[in-house]
């Protein structure tokens, strides 16, 4: 008969002596908010049993989480609003150290002001040990691709739902693992560097980059300090991977969008021959340049690489034009561009987004690129 | 703010008008016990939201479950003893039919008399629709390989724990999907056709095959009818895949085992040159023959194929000798043998068992074999 | 005992009623010079037996050829100077049509003024039939990668030799096959768009592009009309793939080069921090622009895509800068850029060049890109 | 202008101080007859240039050969009857040792009494060096699969021709390379262990196994000593791979065959239900047993493994029954059986035979099996 483990003791998150925290944090770290997909906490423990205590809230888009034991995924599930005490393993050999990483699958939700995931602490019957540290730090900035949208779900599934997103099968996860890297992720489905897929000018990543988690806008978010200026000094990456442009491209093929607050209408136009209207393209290019300036301002030494192509190549040349202009005007040479291979027929997951196969192919190209940069060979 | 869906209505499992049940069932079907790994229930529903209500119990080996949405895995998690109401999806397009399959990852646990998983019903805001039926029926009978042991977990993980087992990444799942087959699974880690890996004569699959779920021995199991004779007429497979022999092989390399109840010691011996002691090998061969007779008694028309090799080939010839003897003595020709490829270095999962890669390779061979048999080409 | 086929009749190349010719041709087409790697002749014949009559000459770099039967490679071999009558198949079913393609593996050799391969005719006992035509026309322009250098030979082989080059395992071959395309190839190992790998300013592809085969400089070449202006109207491609830049990159890391004829020294310099010296980089960018202008002048409707990356990404941004400048100044929008994945450890062939594996990976990316362009989807 | 290398000197095969010879040889070794597919000669030389001098003859089935340079295939071509002096490489770095292996692609041709391939010597400008030796010795015995039939040619090609056969893409080659093994091959398309695919009783491999090359029957063969008893002591393998049974299976589905010399008709029959007629199956089983006895007689210590399955599994159980009977009656335990995976849709080459992909899959299974046996782990 099941008997609760009487040797479990509760340790609040602030009292955990050793832990790796993945993803940005703000002023509130206890309980620890996991703000982005991939945001997580990792501990190495002895003992037979480990639990994690979390609190979640949400509205339309419920929270999804996953965890890995010794680097291998063990569980993935939905958490509805409330307090959850989750058993991560039981009955393991007491003395052997186990490394467990618990992380958020769901992206920061700009459309759900209630959504949150707070880690309050652990329950264990062993001891915390030093957690292995990583060789590199990488920041990933992107849209639905970087949010792992479509990495779960069947090809036929076309709803826009939390459960289809994930970090567990995402190229950012694959890349970080292959390079032994700590990472931050800032991404939002449907957003661009200049505007969202639907011409909504407000949905641009640069506008939220300098906040701790500017994507979260509700009252709760404010209390957790997500609207605060992010302290970039606290975590300086070796490389920044920007995977944006896909939605800026889509916007050209969508109707105009009027921002409700201002009544101003935005519209990225096509020429009659189907090519991009040059002046509107300049909007995107200017946004790229401005974003690079912003990135460099806060990340003095990181190599910045703009990745693009997993859902079409149309903006390759405009993006590189902007990068070149940025290089020329600033003299900054520590920046690059690389195409990631477009998703082909067998590579799709759900919702017409890259599936695990496509993320695997893309990560192999990116790993090759970053390996040379980080090891200083090229 | 999260508001519970007020349109959800509860439907007890016996009132669900359309459902696929995977795995054996006994006299009690409401609540519906999911007895083996892979045992599950599948429904097709309209509506925005679907919940499943289950009850679990266990002692050492906690329950693990998973579910698929439209054929793609969505969640996998541990369930500790108690009642659980689990949300499977939310906010999907109301009218679109969705097929959801909820199943047990954990094998029937002969060592945990409390372990159980009962499906009590669903909560939904839509309607049940007819569930697509399958083309074939396949029964898989095996040991830890068929219990998917090692398909989760890191290579370094060597504990013997519930969480490492699974159906989701198991060759039986892959094979059934590829052939569009309904399936039954009867498997138990450490057991053989003649004896267990440690010479424990009681741990042989034939001894439990004729009960509904003879692996479960506690009081609760008795109440659920697991000790009852199984009604083979209720589900006649097109093919039976027997994947046994791996533990019978291991026993030869282990010390003797004394059955506590009887005080009798059992010992499969090696010759001095390291080969199997012929007389003891006969035990295995006789067990194979007897088991085939038992299988045929209950499954008159199924093609029976004995699979072997994923963890070593040493018993290939003894097993085929037994199969040939069975064929000769009975005249039964509807039987075959096939090697599944041995697990190589990169194919291991945890606990020195075949990982997902090895299961994939094995399933491709098995699929090829069964396709010809089931389509009547060979 | 072998008896020569008495029904063979000789047909001079100019009398072959149906044939596909791959690769550029000049004024002399009988005998038919195969000038570049991939240059070849394809016929569809009935009959039991087929021979091809060729004449070759060479100095240091001997000729290598290969042939395919019904799209599958059958033979590959060296041809030393002289007349060769080569049996391509024997004893096939008489009436069945067979398509045979005989082609040059060796690139046009700018360093061997004697090298040549002339097809004089065929011997057959059947009839020539219409040869299946292709859906698209693609021109590939490149360096050693496009010459297939390293696609044959062991990883340890580091000599610079004819036998390591090839079309048979080259991405241009894979891409053309996948897209059902006729192709032209103009490529030369060690050459760039601005200069060769060793700063030799003369080794730039644009300088030879407008001649039939400007890479061949000897007396024989002149007689065959290789120095003549190429008649671009005779073959207008749907797409032009330019895979240049790898040697322009290498030049920055090499010592200066003095052109013997002029005594002028050329030197692409690095800054002290290891970055490219801007002024010298401008040489490359200007060469890219000028070459694009040249390409467009002769190919009014072709989509031009610059491919780059199989041996490093360092010139990605300079090349795109040039392409963007070209677009801006000319208004030409029918042009693109794409990275091909860098060769990783397991992808190398001989001589530190991409092997078959790397060509396969690159071709998959290129095929995806071209498919969308050629089918007009993007 | 091409100038013949004046430093070349001719060395007769018997004067080559170091060489690896692959495949059986008889009393005549100078010139060296290459009797089977895979039969070849390997030398390690310094110098810039290497030629091989061979003499060939044939009737219907012309000779095909291939060669590898430093382990990587470089050329493959047809040789019509006559003397051939073939340049294998030119202009390599003089001092570097190069290992070149020249081998026969075409199986021993029982249906072409003229076919032969004799190596007379080499021409080189360097020196012969010691050739690296191999770790193991493996004998492969088989039918068209082991003759590599279908490993060249398009899926649509269905003629039975020399050019479709090969050793270069054959599982025996892949297996030997992976295990660092010297090898012998005795194989013949259409032959079985009991009878040929068409019930021709004369076409069984055991009948020719004890001759040097009993498959070659002409006058020339006799002179070369191919009909002599083979000296098994001269080369004792560590493992024998028998891949036979596929044609014995096919015979059951073919009409009777009358041997012209005797007028006796042979016919492997099916029962009305489509199963094998037991008495006729016994012919096959007896042939298996007898062949195993023959193999063991000549190879006292080799591990013998019977492989089966690449073109169907129907004889798996009869073959294992015979092996088990052999084991029982002889006490020989150094023998095994393993299924090789059946060829699936994408795995076919030409002539409905396994293509390179299928040979690759099969070799991986076989390599895994042999590695354990040869390294003594199982």
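First chain written, first letter: the chains are A, B, C and D, and each begins at residue 1.
We adopt the following convention: contacts are C-beta pairs under 8 Å (C-beta built on N, C-alpha and C of every residue); 3 or more make two chains touch, one makes a residue touch a chain.
Here the structure is a predicted model, which means the values were calculated and not measured.
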For chain A and chain B, chains touching each: none
Longest centre-to-centre distance from chain A, chain (CA-based): D
Approximate Å spacing (C-alpha centroids) for the pair chain B, chain C: 56
Separation of mean Cα positions, chain C and chain A [Å, integer]: 43
Chain C and chain D, separation of their C-alpha mean positions in angstrom: 37
For chain B, residues that touch 2 or more chains besides their own: none
Chain contact topology (line, ring, star, complete or other): ring
Touch relationships between chains, expressed as pairs: A-B, A-C, B-D, C-D
Partner chain D, residues of chain C touching it in the complex: 1-2, 57-62, 69-78, 80-81, 87, 89-93, 114, 152-154, 156-157, 159, 161, 163, 350
Interface residues, chain A side, partner chain C - complex: 273, 275, 309, 312-314, 316-318, 320-321, 323-324, 327, 333, 335-339, 341-342, 344, 364-365, 368-369, 372, 378
